[in-house]
Amino acid sequence: MSGKPGDEGGAKPRESTPRVARASKPEGTCVRVGRVEIGGPGFVVMAGPCAVEGLEQTEQTATAVAASGAHVLRGGVFKPRTSPYAFQGMGEPGLRVLAEAARKVGLPIVSEVMESAQIPLMAEHVDILQVGARNMQNFPLLRALGKVRKPVLLKRGLAATFQEWMMAAEYLLDGGNEQVILCERGIRTFETAMRNTLDLAAVALAKQRTHLPVIVDPSHATGEPELIQPMALAAAAAGADGLIIEVHPRPEQALCDGQQALTPERFQQLMRRLPGVLHAVDRHLWRPEVPAHVAGAR
Amino acid sequence: MSGKPGDEGGAKPRESTPRVARASKPEGTCVRVGRVEIGGPGFVVMAGPCAVEGLEQTEQTATAVAASGAHVLRGGVFKPRTSPYAFQGMGEPGLRVLAEAARKVGLPIVSEVMESAQIPLMAEHVDILQVGARNMQNFPLLRALGKVRKPVLLKRGLAATFQEWMMAAEYLLDGGNEQVILCERGIRTFETAMRNTLDLAAVALAKQRTHLPVIVDPSHATGEPELIQPMALAAAAAGADGLIIEVHPRPEQALCDGQQALTPERFQQLMRRLPGVLHAVDRHLWRPEVPAHVAGAR
Amino acid sequence: MSGKPGDEGGAKPRESTPRVARASKPEGTCVRVGRVEIGGPGFVVMAGPCAVEGLEQTEQTATAVAASGAHVLRGGVFKPRTSPYAFQGMGEPGLRVLAEAARKVGLPIVSEVMESAQIPLMAEHVDILQVGARNMQNFPLLRALGKVRKPVLLKRGLAATFQEWMMAAEYLLDGGNEQVILCERGIRTFETAMRNTLDLAAVALAKQRTHLPVIVDPSHATGEPELIQPMALAAAAAGADGLIIEVHPRPEQALCDGQQALTPERFQQLMRRLPGVLHAVDRHLWRPEVPAHVAGAR
Amino acid sequence: MSGKPGDEGGAKPRESTPRVARASKPEGTCVRVGRVEIGGPGFVVMAGPCAVEGLEQTEQTATAVAASGAHVLRGGVFKPRTSPYAFQGMGEPGLRVLAEAARKVGLPIVSEVMESAQIPLMAEHVDILQVGARNMQNFPLLRALGKVRKPVLLKRGLAATFQEWMMAAEYLLDGGNEQVILCERGIRTFETAMRNTLDLAAVALAKQRTHLPVIVDPSHATGEPELIQPMALAAAAAGADGLIIEVHPRPEQALCDGQQALTPERFQQLMRRLPGVLHAVDRHLWRPEVPAHVAGAR
């Protein structure tokens, strides 16, 4: 805890997150992961399996998403599951599988860390440390990640207000870690037709009020493969800086959230539809070393 | 009530709305209002004041939105207001003002009808009869509108599930009126940073599961002028067939919902950003008599 | 519309409902229906079928609830149903059945009115006109009921904030009808284990902030017979002035909401449990002509 | 993780929590803390400050709540706060203050543990380890507490469904800790008049479907001192096994959640109203060594 520039009770909402506020860094934050830049003009796509299940599934998925143009490999090895009897992830062995698959295709990795004690191990293999929706207000974890010098992907809690999400990010920045990527993944509402309700207005608002990159997870937000492509395109149009998408070679056999995974074919289809929408909002799929004037002239 | 092809209790959800289901009309419904076609390849923009306040304000707004390319003039004369002490609309005199303004700029009109008794008067002047969010489950009104031969714009209730919204549309079709346009306008959630939570996944779902046109109201959904353009572009990318947007020449003086109205300048700006996104999803702003092969080649 | 003592925009929430505010009538409003007093020290129980289905079912239910001590007979003849293909109520013939059943057991009637046009017919036979949850913001209906000289039971909308509910009541009082009974019937939340989420804190708040009687509908709030008794007792402890409960002689055969109806036996059991809790909060089941000092000494 | 008696995907909801299900222990679980029994016929009241602020405040509160008949002293030393700039609790020194205050008045302690690493320290001083609402799905914490041989108070997450709450408890029982007390503390809904929406039906449901004791936190649920007493009485009537209530000698000076704290006077008043309601539902305030026939004859 530091110089206390605001207070939960008395301060005005916008002033209570001085470090994430746009005004504190009007040019915006660009998070670098290897060569990939998140939050710049390039739009970044993270893709991979919900859970790492084994070598074959992981390498097959990594190869497929890399071939379609994904920039970051996602994959869970520590899985927060509602039921104690559900598959809880492969743990450390899964981490080695994931790292090996990523190395082969040359992609950086994003993976979830569930508690402070996992940070040293995860930081060794993973390029972006993900805070899951259920941990958005796990303050000891946020404090610990504030001291790490690795990018953090902060998912919005499923019942977190916009302001609470911003304050969770403020914990990270207050701790000294400015490499924070926000991720909207749907909020819990009365609606049951979709898994969650994707709140794209919160993405636009986060882009306006903060200097942090904001990406969207249409897989968890909708839970429906048919809705992922339209929501991915909508996210791009709304100003998001990227996507994180679940892909599985055989969704019906997945050990976790298979019903919402795209097949590699559908993922490829989505990657082909994105450039048009991005172009319309003066963006492009991220690619290395493209000078701004070239990107703009595409 | 007719041949009862389904039942609230026993039937499966999708089967319980046989008349709005996509399967009943795979080619889709195109609602015609004058020359304007809603639900075809052209994207339709309805715009105008929240409430008709007087001749000058209405004509000024109508002229501005027509000049920017809007296709339909919106304006409320009967206003559902939370407080009995708030401005309740101009009523019948407002209807004449609205009709006169629309005639001058050559646009058809959409306006809200609050009860069955208003239908004859409204139907005389208005081209699309709007059912407001608070009346989505006003079943006598839906029954009465089912017998009218005018298009109906059915707004989603602010706490209506997707299925309830579809069933409200089924009331209209079951009554014999197939000219139904669905309108997503944000749902009520725990979030207070925006007026409502825009549910664009429901728009994509409605396009997949029904044959009806679906438009989006980003003004009521967000209540924030800064969020209207990004959400309008997102709606276009998500597959919506059009928009309905509040515009006021002097938002700060508006008698109703001024805080969410766009100025004519911001509306024009939005109209200039739409074509790019629409093009990326193989659509275009509606315009008369453009053969499909020309639109596709733009 | 009258002297506009407040305004939706500028006024403070509590001041915006001057006529329902406790301050305007500190002694509280007691609504009289025949001999029954709602809002006094006596606790009033309304019971009967969700829908009037026929003579036998209605008379059987009326006889049973009267025998168990219910004070008002409930029964729907015009039913708002989500699906156009569900049973929509018996309509006018059902009204005659209900009136006859009530006459035989000597109970006044509460029944739902769905639109202004039904008011004259309903007012002829019914003692309390119910506004259903879906019509809480049907403002033309509220305006029309404001001019009627019969008590109105105003159910809270399923996504209505406390303040919106109070403003709906203000419409009735502003129209001149002060015989208003508020009814909490559960709100719509993310929770699916119950039909709705019963908000008893809103009942306590309404008792503190307004002078109107407040009753609770645990049948619609929970949708589960097992939860009706505990919630009815909780309502009594929280300070409610009464209950409205669905009873059906054969719940499994009911044409509407049978899954939440109590059998006459379970209703009787509930009526036997209420007096103890009421006594603990200095109340009692309403009964005619009991002087206050006797009630207190019970 | 153990013998996997159920699975998140395929199993039916009730079967997916075999260890908390009522059927697995029909006689119910009674959690013992010193002499106090939670889940038996006696109703248990936990009370104290939201946060331990210092010796004087803590001892003053402890003395007051003990004098009014509270059975357990509550007080937070590690505080989960939305803002990184808000008071985060006294930490370990606060724990010693709390333990000393509790020792003087002879009450056991309940206090929140925020991460696994705090368990050894907390377990040394505290009698009941509380899992806060924001940590209900902190699975590493639940796993760690499953191995502890101390009672755990499991608060419902503010957007947790009933089923998710039960599954969180299942994590504890699956780990080997059967001393689990459930605590309903209000859920997050669209309503803003109260801090949260108290879901008493979930309390009644938990009593029916599980064998675990269930208590209610009306302080966090309502955030309004005026609503705490009616909700506490309602909880007792609904079948809860106890309450946890925030008390502060000078609420307006509290460093945390002062607006919802009861003064010692109001707490005493509440303690005087509880026995009547409890008697009506065949319960009583817990007291040592009262044979059942005496309690029944009160």
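Labels for the chains are A, B, C and D, by order of writing; each one numbers its residues from 1.
We take it that a residue touches a chain if its C-beta (ideal position, glycine included) is under 8 Å from a C-beta of that chain, and two chains touch if they have at least 3 such contacts.
Predicted model only: the values in this text are computed from it and were never measured.
Enquirer: Using the touch definition from the top, how many steps at minimum link chain B to chain D?
Expert: Tracing touching chains, the least step count from chain B to chain D comes to 1.
Enquirer: Count the C-beta contact pairs for A-B and for A-D, then tell me which is higher.
Expert: Answer to which pair has more contacts is A-B.
Enquirer: Could you state the distance in Å from the CA-based centre of chain A to that of chain C?
Expert: 48
Enquirer: Averaged over CA atoms, how far is the centre of chain A from the centre of chain D? Could you give it in whole Å?
Expert: 35
Enquirer: Taking the mean of the C-alpha atoms as each chain's centre, how many Å separate chain A from chain B?
Expert: Averaging C-alpha atoms per chain gives centres 34 Å apart.
Enquirer: I need the residues of chain B touching at least two other chains; which ones are they?
Expert: Those would be 159, 188-190, 192.
Enquirer: Quick one: label the inter-chain contact graph as line, ring, star, complete or other.
Expert: Topology of touching chains reads as complete, every chain touching all others.
Enquirer: Mind listing the chain B positions that touch chain D in their complex?
Expert: Against chain D, the touching part of chain B is residues 159, 188-190, 192.
Enquirer: Which of the residues in chain C end up touching chain D in this complex?
Expert: 159, 161-163, 187, 189-194, 197-205, 208, 221-222, 224, 226-227, 230-231, 233-239, 273, 276-277, 279-281
Enquirer: Please name which positions on chain A make contact with chain D in the complex.
Expert: 1-2, 4-9, 11, 16, 80-86, 88, 114-117, 134-135, 137-141, 157-159, 164, 167, 170-171, 174-175, 188
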